[in-house]
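Chain naming follows the written order as A, B, C and D, and within any one chain the residues start at number 1.
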Amino acid sequence: MPANLDAPLVAREALPGPYALLTFAHAAVAREARAGQFVMIKAHTAPEPFLRRPFSIMAVDPGRGTFTLFLKGVGPGSRALIDMRVGETAGCLGPLGKPFEAPPPGAEALLVAGGYGVAPFYMFGEELRAQRRPFHLFYGGRTAPDLPLEEILIEGGYPLALSTDDGSRGTPGRVTVPLEAYLGAEGRQAVLYACGPDAMLHAVARVAQARGLAAQVSLDPWMGCGVGTCLGCVVKIQRPSDARPKWRPACTEGPVFDARDVVWS
Amino acid sequence: MSGRLAVELAGLRLKNPLLAASGTFGYGVEYERLMDLSTLGGIVSKGLYLEPRDGCDVPRIVETPSGLLNAIGLQGVGVRAYVRDVLPRLERHDTAVVVNVCGDTVEEYAEVTRILEDAPRVDAIEINISCPNVKKGGMAFGGDPKMTHEVVAAVRRVTRRPVVPKLSPNVADIALFARVCEEAGASAVSCVNTLLGMVVDVEQRRPRLAFGTGGLSGPAIRPIAVRMAWQAARAVSVPVIGIGGIMCAEDALEFLIVGCRAVQVGTANFVDPGVYERINAGLLSYLDRHGLAGIGDVVGTLAYPGETK
Amino acid sequence: MSGRLAVELAGLRLKNPLLAASGTFGYGVEYERLMDLSTLGGIVSKGLYLEPRDGCDVPRIVETPSGLLNAIGLQGVGVRAYVRDVLPRLERHDTAVVVNVCGDTVEEYAEVTRILEDAPRVDAIEINISCPNVKKGGMAFGGDPKMTHEVVAAVRRVTRRPVVPKLSPNVADIALFARVCEEAGASAVSCVNTLLGMVVDVEQRRPRLAFGTGGLSGPAIRPIAVRMAWQAARAVSVPVIGIGGIMCAEDALEFLIVGCRAVQVGTANFVDPGVYERINAGLLSYLDRHGLAGIGDVVGTLAYPGETK
Amino acid sequence: MPANLDAPLVAREALPGPYALLTFAHAAVAREARAGQFVMIKAHTAPEPFLRRPFSIMAVDPGRGTFTLFLKGVGPGSRALIDMRVGETAGCLGPLGKPFEAPPPGAEALLVAGGYGVAPFYMFGEELRAQRRPFHLFYGGRTAPDLPLEEILIEGGYPLALSTDDGSRGTPGRVTVPLEAYLGAEGRQAVLYACGPDAMLHAVARVAQARGLAAQVSLDPWMGCGVGTCLGCVVKIQRPSDARPKWRPACTEGPVFDARDVVWS
């Protein structure tokens, strides 16, 4: 069950650029979280912005009772977290949301990450490895500095394909370029998983559709509460059973959705 | 111990003066797994119409300095699904259940209330005549004394339960509206809903909310809400429920001191679901510190300059 | 370069759309040593009555979440001392001078204006019918359409200069008041003054301000002020001057985009006297980024959902 | 002339308890400040509270272009300053207000400090020393830990009389006890200077009045702007030329006032 706790920061690693890895103590998240789930969190050091922010859980350590976030500082909420000192606490509710579901036996998991969207795939890779499922991680950014987790993923032995829009690292072009190359011409048994900017998710959904593959996408709407009550995070979803598209809260019915059900705007 | 926080409100006994405000706590059941719902004095449901509603397009919410601007547009399951699916699940929780009733017409308000009349678990009806995010009903009714009277009287006629109109702050004279409600048979008034506001995306040169305008809530509006609750409490003899920007025990105390019998906590639910425990603990320690027996001893104790109590 | 920020306002040419709001910039001369006053489009004086006034008891100011609640009570030197001591010192500064005129009676508003009529340095009269911190005049006039009309018409009769009533946000329908002002001969309207609020000292159980209630200003009220400025700008053809919570260029742009010809900066003066330079620089860089020739090209460009311009 | 600058924090020394010494670069304050003047300052790291706060200038270093504050963390504004890291900036306007005026030749300056009110006397002591004027500093607090500047003052060679309400350090009792003892019975030529809580200022004013001595008191009202325009900091003052008491802004006509002119509430 998700728990609402004052979570102390227990470790902090600044990465180049606006990025950082933050590790918090939070027994419930450490024990129960699955890849694709997230926390709503806010540094107690900064009164504003006063709402918590959603961040994907990147890793957990159930033994130590901690979990780790991979953050990009983009505004006051994320920056206040990055500026925390070890020992300071954050209000933290989690784990929240629906996780990624492992592929059916025989199918390979292809994880497609754009920017900070790589965070949940670190954990998903660990889960898949534990279940001895084959997977491959496609990690794309605009330029080389936008791939701050590269080293950690290589050290972790993740099967990795890098790409950058400007070609400064890995395959030049969008992350769908190495993905399509990998999928090749013939029908490969795979499930696609995508987390990143909207346009990227949509592109992956199109790749999946064109090839008749299943795809799970993690959407990234603005969230107010994380628990299904503010109805600020709704996304347009039409499930096979729905007569017409419905606004559904991404925090409780997602953030991971079947790509076929998403009504792209 | 916790009997010290109990309050009487329009015939209801609440175990503490904290209710979850409409639209900020879902139908209550969403929080079942997160907290013990019986720590709440009561739960006010999300606004309910006769039929399910889709609500507004997105974006629906934007943060402002110490505030939140929303235009959800009362997305919801409709009163029948609420009675069928939600109310039974609330049976097991020891907390008051207040249903926030909406309508496009006076008749719809009455009809929704009538449907609730047969549901056993409902303790009171809150009449939403103050939602700024719908084209019909809502604020249009709550900004017009005549319509306010009509809606309240219509709902009053079809229920035996306490009827609590929720006032709009987008009026010049909140005391007038409180009095109109009292005259129309209200058992209490909730004070206040959100203030009409707009935030502009200057890069796109359009409102940030898809709906255009929205309702402002949160700590930003608290000084305005406290003033209005104070004016309403002086104007009527039915109880006033204070609402607006309550984040901690001190904030709740401001409303109680100016004369509110209970308060509702709205936006703070999004920030911290642990808010009720924190506030209740803070209220008890306040009572201890000030040597007061019960929370009722705080209500309406404001020493206003130049006035003697 | 800075010609790009110039605006025409009721016959005045302001070199940029930023004025210092009444009561937050003294009489202007207080800032002489701190900044170059000619970086301002204009200065609106502290409110002036016929006679000097003591103002309210202390505390007069209390900070609120992203806001400031004040009850100064228009302490001031009176119009004659202003004309004698202040106006000559403003001669040397190249900025528009607007005088904020107050009164307990309609006659007093007119009398103060008449005294200013012989003073050469005054560019416009702002009529303060919206101060919440006085027992007579102020908001009592600005909340009543008939009195609003009377005051504006009375001032209009005794001056050749532009007359700019300052609207109260403590009304249900700001557009109505803007229209009343226009009909009474206003050259422009300022929109808005402070929202009536109260903060309670829960330990003492009394209001934090000695006066009881006060006026809320600052970023907290900006979404409400932007909405009201937008409503006023749609209602009248005279220019609207937007006021409320402006701290940076983006905030000023919100008001300009919804239709204001100029803006006033209030509480931000207390936080950072360098605010004008920052905002002017931000406006210029916005014009560059958006390929716009002048700030006038921004005014009233809001794309409101469902409306075509 | 006062200047409004982004002042970087150049040094930071945490003292025991809620106290700290902060040194900022600000050429105008460093060059022009006199003891008793103050700055309006706010850490850029914390958006709330959004107003600046007044703090007395404790010391200046015109050569380095810096000034130092002695802060007690009591609320969000002061704590945000104390939490700053070297290199971060604060919005800072100063020097502001009227300084202490040196005593006439032949008279000794008796500086009476309560709590953080000691800050301006560090600087005033330096000024007096430079002018070769005799002075004595009475420094009182509730308990020994409320005298965090003791060591620094002793190292600086300040003629010092300590006192605590609970007797845990120096003379037991209020700071006026050692003051009155020092003044003795016979009429000593002295001017009293006081900075601290209101009740202490009033007590010092009474001592001065009883002995026919001049006294300058630094008042501590809440301040909104620091430059005479918000009229939030007004205090009731009746100068000999005033027919009746007048509300005067403490930021521009004070914070240092002639004790005789203050209408005590």
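Everything that follows uses one rule, which is that a contact is a pair of C-beta atoms (placed from the backbone, for glycine too) under 8 Å apart; a residue touches a chain by one contact, two chains touch by 3 or more.
Computed from a predicted model, the values in this text were never measured in an experiment.
Shared contact partners of subunit A and subunit C comprise B, D. Taking each chain's centre as the mean of its CA atoms, A is the chain most distant from subunit C. Mean C-alpha position of subunit C lies 36 Å from that of subunit D. Separating the CA-averaged centres of subunit A and subunit D is a span of 53 Å. Subunit D has its Cα centroid 48 Å from the Cα centroid of subunit B. Taking each chain's centre as the mean of its C-alpha atoms, subunit B lies 34 Å from subunit C. Shared contact sites, meaning residues of subunit A that touch two or more other chains, fall at 48.
Chain contacts: subunit C has residues 65-66, 218-219 touching two or more partner chains. If you check the complex, the residues on subunit A that touch subunit D are 45-48, 76, 83.
In the complex of the two chains, the subunit C residues touching subunit B come out as 64-67, 69, 143, 170-172, 195-200, 202, 204-207, 210-214, 216, 218-224, 226-227, 230, 245, 250, 253-254, 257-258, 286, 298, 301-306.
Interface residues of subunit B, counted against subunit A in their complex, comprise 24-26, 30-31, 33-35, 46, 54-55, 58-61, 63, 65-66, 68, 70, 72, 75, 218-219, 269-274. Put simply, subunit D touches subunit C in their complex at residues 1-4, 42, 48-52, 91, 93, 221-222, 224-225, 227-232, 234-235, 246-247, 252.
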